[in-house]
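Read from first to last, the chains carry the letters A, B, C and D; within each, the first residue is number 1.
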Amino acid sequence: MFRNNYDNDSVTFSPQGRIFQVEYALEAIKQGSVAVGLVSKTHAVLVALKRNAEELGSYQKKIIGIDTHLGVALAGLAPDARVLSNFMRQQSMSSRLLYNRPVPVARVVNAIADKAQVNTQHYGRRPYGVGLLVAGVDETGPHLWEFQPSGMVLEYRGASIGARSQSARTYLERTYEEFAESSREELVLHGLKALRDSLAQDKELTIANTSVAVVGVGGEKFRLYDGDEVGEWLEKLGNVQSSRGGRGAEEEEEAQAAPEETMDTTE
Amino acid sequence: MTSIGTGYDLSNSVFSPDGRNFQVEYATKAVENGGTAIGIRCKDGVVLAVEKLIGSKLLVPGSNKRIAMVDRHVGLACSGLIPDARHFTSRARSEAASWRKFYHTPIPVSSLADRMGGYAQAYTLYSSVRPFGVTAIIAGMDEEGGPGLWMVEPSGVGWGYFGAATGRGRQAAKAELEKLPLPNITVKEAVKHAARIIYFAHDDNSKDKDFELEMTWVRHEKLATAESGEGIVKGWGKHEEVPKELVAEAEKLAKESMVEGGDDEEMEVEE
Amino acid sequence: MNSRHTGNLSVDGVHVDMEHLKKGEVNLGTSIMAAIFDGGVVLGADSRTTTGSYIANRVTDKLTQVHDTIWCCRSGSAADTQAIADIVHYHLQMYNVTNAEPPATRIAAALFQELCYDNKDNLSAGIIIAGYDKRHGGEVYSIPLGGSLHKQRYAIGGSGSTYIYGYCDANWKENFTEGECVEFVKGALSEAIKWDGSSGGVIRMVVLTGRGAERKIFFPDENYAGDGK
Amino acid sequence: MNHLPEVWGRPRNDVYGAYDHSYLQGSHPMQHTQQPIVTGTSVIALKFNGGVVIAADNLASYGSLARFTDVERLKQVGTHTVVGAGGDISDMQHLYEKLLDSLIIKEEYQNDGHSLRASHIYRYLSRVLYHRRCKFDPLWNTILVAGWDDGKPFLASADLLGTTFSSPALATGFGAHLAVPLLRRVCPDENAVKSLTKEKAIETIEECMKVLFYRDARSLNKYSMAVITGEGVEQVPLSGEGKEKVHVEWKKDITLENQSWKFAEGIRGYGAQTV
């Protein structure tokens, strides 16, 4: 990528009407490991791949609980995600305190979207460098939203963010019609398969690097599964072959898809 | 754009030697890449319609709304950077709410458009901010003025319209809008025209992409069901989504007119 | 009513009650009213201002213009109500120029209410707002002490009004003509003046219609007769 | 005469001593609303099988003066709820026209299928009332919130102190003394709600309004009533969850009927009377 005159800050439009600083912030998401989210009629699921910086270090947190009906998976700058998730927790608590109502998923997502937009319009600020998948359940059912540093938020039936997430997305696009009617377990397995498809050649899903979170209608609380708790799902996954053969081609695909993606905020 | 990169386009609030503010012009470019949005002012209300481009089949159909309610009697459709549109909408809501709080009455559409023009303009004045990458169409209906349709651009300029169009397909849409006998049609007729125009503009500019048609209207509550008479209807309107059946019917007619191929003037709207 | 900071003991031990002094200064016993008719609205008031039992002004004008055809009758503290009317007058002028249309009567009423309600702890103001605009015709609003707002077809206020509740209820009719309405207001106010020691003097009126604002005046020594010109 | 403007219009320093500015400093206690001025009296409400009925008269009193006789003290908030307020009318208007109206408009912005139901509005109002009493600037009202919520009738009260209370039969003001015993006769507890019909509930409320008119000197014989009923559940596409349909039936300008006064003819009072 070449340096140009219009990419110093987020208050300068390029002659084409683009804001490069914001687009670069979107690139920061791809520095993070992959996270996948998907919804059925009854559940919302997040799965994510955890990285550890060194052999003896702990694995980084990829999924953060916000409230009993709501949680997020992140890709990109984890400290930015912490700021945003703390803000979401505040929104959530204030909704419970003031209205005795769990905050509707779309509204808490819109709240962080508005917060993020401000950082793209004022000099001296930087856009957030993290993408989020927000999964939650409210009176209108299970929901999955994607949040971007541009302040863009979109509701999906299935979505993936982070490094090599295009491969996961390919899986989701191929199978999304099955999601709605899936059972809780089927939905988790769809998520794990999508996640597995995005792994690098030498990697595999283990109980150490896989996080799963589930929330369901009818009062099933948001629950994060780590370590041994994901073992059973991974075993079931083991019986199913990876849906794609060669992996080299995928990376190329992603490289090509990138510039397209940056245009997402414009519509 | 003739003279880019002469050094006068790197910061907001800076004039070039020939008196242009390039950053504002570039913000307008962002709008021109956005999905088409139109507004039609009728004798008994106003219709808003947007071409919501669908970037992925994974998106939840019907979700991710693009036309916002600003107050009970005002709707706002934007083209351009969507996050900026959310910010702009939220400001419009604050303006409408503060008016209500102060005057105990809903804000007249023209006053709202005026204030929003002022807000957009403030973002062209300082090097510490950038202009809004958004053109907003504000539609409403008030007691004094009846149906009102305004379009506010990134520069802060705002005009009243009978038919307004912005976004990628604005040229095609404008050409179609000019053929309508505005404002002497009813919103029910306008819904069909709006659908057709959005389909036409889409076909003209972003044929390869999927889109959803989103439509709302503002009508007077009491006259909403009654046949509207000859003159312009006045009174506080209500902004709401166009009923699904009407949208479906309008889309069906729009698709048929596309198949007929361009010769859409033939399309008759019976009401 | 307002018991804040009442009574300060000064150094030499003399009790100075500023609040009480203020009360004596402002007490504005009065009779005010407004009533709508077909095509407009009439405002009326007596002309007596008292300080205790002394009549400080016997020809007071209690009818105050806040916009072309939006007026108000003030009761309570003269200082408070004048200040409020001045502020509302300012806002209505601003409204007129920034929105390129004259304000409706209810906008004036809303502004009065905002001020009276938000500052209720520090104000003693009972205000009747009456106005005419083409769209809504004549309208009358009443804002009593706490700062609530009541749209009415006729409103009465001030200390003298308590004596004429019965008179007004019995004599008011829907669809008054302008002349009938003036007679109604005059009849009511002359009763109030008769029974209330804090009301008296002439009866002033303002009639607001599509023609604009017109004043009328009736004199006690003429038994409030005549056409008021 | 002193030429300094600051002493104009106040007692002479040589007689009364220097002006004591201490009250202008911020350390003294602040006092806000001392009392309600224009007031409304009771609000009464009763749950029944399938809904709630709530009523309040149309009077705003100024002391003992019946100042305004056309005041609506019930307000529909959103689709599921009716709120009734007694106490200061200006505070009621603030609550209704500033706070609740803007609350509902903000809710309408989203257009996302969510709506504030009775319990949500009740929580909001009780928080507002408690917040204001903590500022020592209370909103001088007692309110009842009636509605349909989560498949059940909802009824609860909150007052100017932020006290909250719930019961199948509730009344504020004078009604708390006069109406509650009558309401409890037909609906002593939550279990009794199931066997109470809408017609019987309305009839009981009407009877209470009559007793209140007989015995509350700040009441009026003209009142409003709202009946909120649950009308089953509507399926929401996609989520599989149900959305409640609620109907609110309004009766305004009701005049008290079937009053009993004739017996007065037979009453003879003090003194040696022959007729």
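Simple rule for what comes next: a contact is a pair of C-beta atoms (placed from the backbone, for glycine too) under 8 Å apart; a residue touches a chain by one contact, two chains touch by 3 or more.
Composition by chain, UniProt nomenclature: A, B = Proteasome subunit alpha type; C = proteasome endopeptidase complex; D = Proteasome subunit beta.
In this text, all values refer to a predicted model and were calculated from it rather than measured experimentally.
K.L.:
Could you find the two chains linked by the most C-beta contact pairs?
P.N.:
By number of C-beta pairs in contact, the leading chain pair is A-B.
K.L.:
Just grab the chain with the largest centre-to-centre distance to subunit B, centres being mean Cα coordinates.
P.N.:
Relative to subunit B, the chain whose C-alpha centre sits farthest away is C.
K.L.:
Measure off the straight-line distance from the CA centroid of subunit C to the CA centroid of subunit D, and report it in whole Å.
P.N.:
Each chain reduced to its C-alpha mean, subunit C and subunit D end up 30 Å apart.
K.L.:
Measuring centre to centre with CA averages, how many angstrom lie between subunit A and subunit B?
P.N.:
Computed from C-alpha means, the inter-chain centre distance equals 32 Å.
K.L.:
How far is the middle of subunit A from the middle of subunit C, if each middle is the mean of its Cα atoms, in Å?
P.N.:
64
K.L.:
For subunit A versus subunit D, what separation do you get between their C-alpha means, in angstrom?
P.N.:
47
K.L.:
Send over the residues of subunit C in touch with two or more other chains.
P.N.:
Within subunit C, residues 149 contact more than one other chain.
K.L.:
Mark out which residues of subunit B touch at least two other chains, giving numbers and ranges.
P.N.:
Each of 104 in subunit B touches at least two other chains.
K.L.:
Based on which chains are in contact, what kind of graph results: line, ring, star, complete or other?
P.N.:
Other.
K.L.:
How do the chains pair up in terms of touching? List each pair.
P.N.:
A-B, A-D, B-C, B-D, C-D
K.L.:
Which residues, counting only subunit B, touch subunit D once they are in their complex?
P.N.:
On the subunit B side, the touching residues are 65, 68-69, 71-72, 93, 97, 100-101, 104, 241.
K.L.:
Using the touch definition from the top, list the residues of subunit B that touch subunit A in their complex.
P.N.:
That would be residues 1, 4-5, 9-12, 22-23, 26-35, 52-53, 55-60, 63-64, 80-84, 86-87, 90, 123, 127-133 of subunit B.
K.L.:
Given the complex with subunit D, which residues does subunit A contribute to the contact?
P.N.:
Interface residues on subunit A, with respect to subunit D: 41-42, 97-101, 104, 106-107, 138-142, 180, 217.
K.L.:
Once bound in the complex, which stretches of subunit D touch subunit B?
P.N.:
Interface residues on the subunit D side: 97-98, 101-102, 105-106, 108-109, 111.
K.L.:
Please give the residue numbers of subunit B that touch subunit C in the complex, ascending.
P.N.:
102-105, 108, 110-111, 114, 143-144
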